[in-house]
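Dropping the structures in below, format is structure tokens.
Both complexes shown next keep chain A, but they swap its partner, so chain B is in the first and chain C is in the second.
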Partner chain A sequence: MARHIHVVKVHHLTLSFPTRKDPNPKPVLDDVDFGIRDGEILGLIGNSGSGKTMTSLAIAGLLPEGARITGGSIKFQGEDLLTMDPKARRKMLGSDIGMIFQEPSTALDPLMKVGKNLDEVLVVHGIKDPKQRRESIIKMMSTVGFVNPEEIYERYPHQLSGGQRQRVLIAGAALLAPKLLICDEPTSSLDTVTTVQILDLLKDLCRKLHMTILFISHDLSAVRNFCDRVMVMKDGKIIDKDTTSDILNNPKNAYTAELLTSARLDPRMLGIERAHVDYSSSPVLTAKGITAGYRDRGFGKSFENKVLKGVDLEIYPHEILGLIGSSGCGKTTLIRSLLGLLPHTGTATVSGKRTGAVFQDPVSCLNPAHTVKWHLNEALRVYEKKLTNEERMAKIIAALEEAGLNEDFLLRKPHQLSGGQRQRVAIAMCLIMNPGLIIADEPFSSLDASSSAEILKLLTDINRERGTSFLLVTHNIHIIRQIAPRVVVMHDGKICESGLTNEVLSNPKAPATIRLLDAETKLHGA
Partner chain B sequence: MTGRQTALYVFRKVFELIATLLLVSLFTFLAFSVIPGDTARIMLGANATEEQVEALRTDLGLDKPLAVRYITWLGGAFTGDLGNSTQFRTGVAGLIASRLPVTLGMSILAFIMIVAISYPLAILSSRRPGKLADQICSVLGHVLFAIPPFVLSLLLILIFGSILKNFTIGNYVAPNVDFGIYLQSLLLPAFAIALPKIAMTFKFLRSSIIEQKASDYVATAKSHGLSDIKIMFRHILPNSNVSSITIISLVLSDILGGSLIVEQVFNLPGLGRLLLSAISQRDFPLLSGIVFYLALVTVLLYFAADIFSSLSDPRIRLS
Partner chain C sequence: MNKNSVSARSKRFYIIGLILLSVVVIAFLVSLFWTPYDPYTTDAASKLLPPSAAHPFGTDNFGRDVLSRVMCAAKFTVFISVAGVSIALILGTVTGLPAGYFGGLTDRFIMFINNSIMCFPGILLALVAVAVFGASMFNVVWALGLVFAPTYARVYRSGTIEIKEYDYITHARVMGIRPGRIMIMHILPNLVPQLLPATVIGLANMTLFESGMSYLGLGVQPPDASFGKMLAESQAYIRVAPWLVIFPSMMLVFYILGLYFVSEGMRVSFTKGGGS
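The block that comes next holds the complex of A and B.
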């Protein structure tokens, strides 16, 4: 086969979802035109809904039902993919084009051993000898960084951590050394330390196996030290493409510049002001010796796997307390205990007002069958039982407006909202019960850069104007540095370091903090 | 699971089994003792004298207090002796065994039909949810689900027996006489039992398959180059089975209940008819024997489903 400069050449691709009612809808991909050069790592960034994933699915031939390509072509090493026989095209998946996705925790069949999950790639592509298959899987597993590949081969997916699962998936995608590896947000559900490891691994594989990578992300900082070139998408169009350093340091396009500003989360640019915290006043939340875990109930003896080993915590009025730590350190268990959602020992005292919560995934937090109004009403009903309908509506609208939405959203259902809007509804549900403390668990991690910036601004506004305290759990240390005056670092179920953010982050003492900051520096640059 | 944990698990299940059977027998006994009618009087007929009835009552042990009678019966049941039927004057165990081929055969046939029909339909229907094939299947399912089995039986008799005339209704032949005719005689009743259950199983499987289809591991399998059919059989069905096993065990125990009525309509000498005559003749040993047996089968089914579903899911098996 002749050597092509471009592994993939997408030529004026237009794609839409026509329906009987609307045969000519607004295209989801509009005249998308680019090439992926042999051996490069090409970043594709843009907000949610900009068409990044559709572009990758169009190349892979895995478009969802109802999608129609109305114009253009896609060539893979000179061969036209769109006119190809579907069966031949499917055969290319796994051997010529590999893919890895965002959520490693659910991307492996839970009923099959890890080895079997990978084995099918080789079976489908005609490698008959089981011994040979096993050997090449084990070899690839050690290539992706497992020191005990034979052991991992025999494990089930639920026995691995998120980072390990992503390694397994990368091994699966790279098994047959495909020419092109499409990575769709491969690190956005991983913590900073793991993200850095996975990106290093991908870069390494790219060199070793001579692969080309299309790297889709809404995390601009992940792109910085990883990609050779970057394209920016907006509303189905590619509006900017250049080398990574030019895009990130010297953006010529106004929208790219705007994206970068939001991604930087610069408090001055966003107009964020810190609230004054009075540490001599009595705390809104005092937690003492919180211990929690999962009980294995046997017939007789019961033993406990402790996830939290005695956590003490105080949050003061007007304060935003940052809580950081790598995955599995017990952050989520802690906030679930504080909210009373998990059985635990120790005491958590909340003074005065109620506690609200905002979670990571605004999709699963809202009931898909009900409207925004229903959700707010539900939140209101629990606390304010004796209200007239007018008072109720007034409160609902006030909460919506404070969360940056308006009356128009009252009758919408969750699927008619964007990720950022859903998160705003979740925040409005908190606000309506007038909380003294809001516990926010990774409220930004499922949002793109622009929405993150908006939600961040909203939370700090609430903090300043209402005096509401926040416990902010995030793996984005950058955000903590910007808005939280005090920070707590967790490791292995305990608080290993705490204090004023500036002091802790500029002079870390605990090894866990140092590891987190190292990864942060590597990922985002100094 | 370690060996010790497995042993404890099985031990707990067996304990549950025994407790369930004890409760079932107690309730049967109590229910039977409050319904009006006297066993001895029914056995001897209206013409018998009061002395004769009294003598028979003493003979059968009916003059003793309720608690004593229950404990005596329970003691017998523990040693495998379910007593003698007061109406047939033979052992209850033997009676049940002689009727078992009908009910058991019908249940197994019905179960095979349920699995053989609902799985393909669910797979077909979930290919394109909301499209024509799916809608036809769903509407048909609702209709079948809404019709009680005995009405379906009558309809089937009408269609196959009276109009098409390719089935003789009510000619039951024992399996050791002619297995072919035995199967044939059970085919229609089994179908009548199976139809509503097919609708139920189909509905459940369909939504379970659609749910699994949207999961991330299916996307991974697609990106590995697997065909849709391979993905269905290697990934989607095994995963949806983990949740379906419970529903299928419910369906199975329901088949037994359904067969009792359908036997009446098709005039089959099965357990159902035996049960009815035991009730109308106040034949307590027989009644409790049958109920005991049905409870045993149901509990064992649930037990098997429990074990099966925890074995098929490594997340449960290895935790």
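The block that comes next holds the complex of A and C.
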């Protein structure tokens, strides 16, 4: 076969979702034109809804029903994919084009052992000898960094962590040594340490197996030390295309520059001002010796699996307290215990006002059956029962406006809102209760750079103007550095280090903190 | 994803279903105010007359007008199915929601009772209840409601177990909203897409049960009519007066088929691409 400079050449591709009512809608992909060079790692960056995923699905031939390609062509090593026979095209998937998705928790069949999950790929692609299949799977599993591939082979997906599952998926995609590997946000649901490991692994595979990678992400910083070239997408168009260093250091396009600024979360650019914290006043929240865990009931024996081992915590008025730690260190369990959602021992005292909560996932944080107005009213009626309708509406509108929305949103349902807007409604629900403390569990991790910058600004404004304290849980150390005066590092169910953010982050003592910071430096640069 | 064909398909189901249903429902509504003849008056002079201009559906072995009888039967059939399903839905709500929401012992206790009811063939249980407490329409309604309740309880329970894990329920708990309100105001509205088709199918199944019981003489009591009862009475005359069988069974088929089509339409339109 003749060697091509471009593994994939997408030529003036236009794609839309025509309906009977509107046969010529605004295209989802508008004249997309690029090539992926042999052996390179090409990054594709853009906010949600910009058409990154559609581009990758078009290449893989997995477009959803209803999508129509109205113009252009996609060539894979010179062959036109769009005019190809569907059977031949299906055969290419897996063996020539591999794909890894965002959510590692749902991509493996929970009823099949890991090995069987991978075995399936080889069976489908016609490798008959079971011994040979097992051998190549074990070999690939050690290539992706499992020290005990034989043991992992026999495990079920739920017995693995998110990072391990993503490794298994990468192994599955790499098994047939595809020429092109499409990674759609493979690290978005992973913590910093694991993200760095996965990126290293992908880079390594790219070299060892001579693969070409199309890497899709909404996080500009993730491409820094990973991609050779980067493309920026907006509204279905590729608006910028350059080498990674040029894009990051010297953006020519205004939108790219804006994305970079949002990703950097520079407090001066965003106009973030810190509130003054008075550490001599009495704390808003005092937690002593919080211990929590899950009880495993086996046959005859019952033992407790402790996730939290005696955590002490104090949050002062006007303070934003950062809580960091890698996945599985017990951050979420701690929050759930503090909110009284989990049975625990130890005491958690909240002085004065109420506690609000903002969760990670903007999709499930609002009830899909109800309007924005209903949500706010529901939050209001818990504490303030004796209000006239006018007073209620006034309070609801005030809270919405404080959260950066307006009256137009009152009658919308969650599916008519974007991720950032939903997160704002969740914040408005907290504000209407006039809380003394808001516990925010990774409020940014599912949002794209622009929205998370806006939400970050909103949170700091609330902190400064209302004096509300925050317990901010995140795996983005960068954010903590910018807005939290004090930080707590958790590891293995215990607090391993705490103190003023500047001191802890510039002179870390605990090994867990050092690991987190190393990963951070590697990912985002110094 | 392909909303066009999905909505066209569900529309077809709705139209066919609603046309079939409207025949029965119109008959039921009109019968409340007017029937061509008194459905209970016997007339020996005009017995077993074939369909004619005076008696469009003919007359039965007592000389009663079959059209009037059918309209009257529609009233009882529709009433029993709607009342029975309402009872089943209410019982299902008060048992299924707490079972799913609280889990643990509550769940085990409630589901033990529900499963015990489901162990027995439904029709048998309903027959026993009616045989013990006497054959009357009231007894048929509550017996069928009780027999159907566990099915709904299961729908509620499984839906609740899924929904209670979402952040918005956690958030409601954090806000300090009482469990009762969370179940009714926060969880229940999200179960409607699953419940509506089940309810409509329930109406159809309830009608089949009722017809079966009336046929066996344990449902609606003479001189009242229901479709099943009319079929049982006309059995002996099937050769001499086939119209006695044809018209009630036609109505029964319209009603049940109509309900199935409507529920299929609901199912198709509710399951299109993620609900948005």
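Rule of thumb we're sticking to: the second predicted complex is superposed on the first by the 520 of 526 C-alpha atoms of A that agree within 3 Å, B and C clash if a C-alpha of one lies under 4 Å from a C-alpha of the other, contacts with A are read in each partner's own complex, and residues count from 1 in each chain.
Following the convention adopted for this analysis, a contact is a pair of C-beta atoms (placed from the backbone, for glycine too) under 8 Å apart; a residue touches a chain by one contact, two chains touch by 3 or more.
Keep in mind it's a predicted model, so treat the numbers as computed, not measured.
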After the overlay on chain A, what do you see for chain B versus chain C, clash or fit?
clash
Does chain B (first) or chain C (second) touch A:385, or do both, or does neither?
neither
Could you tell me if A:368 is touching chain B, chain C, both of them or neither one (first, second, both, neither)?
second
Tell me which partner A:19 touches in the superposition: chain B (first), chain C (second), both or neither.
second
Could you say whether A:131 touches chain B, chain C, both of them, or neither, answering first, second, both or neither?
neither
Is A:93 in contact with chain B, with chain C, with both, or with neither (first, second, both, neither)?
first
For A:268, using the defined touch cut-off, is the partner it touches chain B, chain C, both, or neither? Pick first, second, both or neither.
neither
Among the options 115-123, 133-141, 169-177 or 241-249, identify the stretch of chain C whose C-alpha atoms clash with chain B after superposing on A.
115-123
Once the two structures are fitted together, what part of chain A is touched by chain B and by chain C alike?
65
Seen from chain A, its contact residues with chain B in the complex are 60, 62, 65, 90-95, 97-101, 103, 106-111, 117, 120-121, 124-125, 156, 158-159, 169, 172-173, 296, 298-300
In the complex, go through chain A and note every residue touching chain C.
19-20, 64-66, 339-341, 354-357, 359-361, 364-370, 378-379, 382-383, 415, 426, 429, 433
In the complex, go through chain C and note every residue touching chain A.
1-4, 166-168, 170-177, 185-186, 189-190, 192, 275-276
Could you pull out which chain B residues touch chain A in their complex?
5, 8-9, 11-12, 128, 215-217, 219-227, 230, 234-235, 238-239, 242, 312-315, 318-319
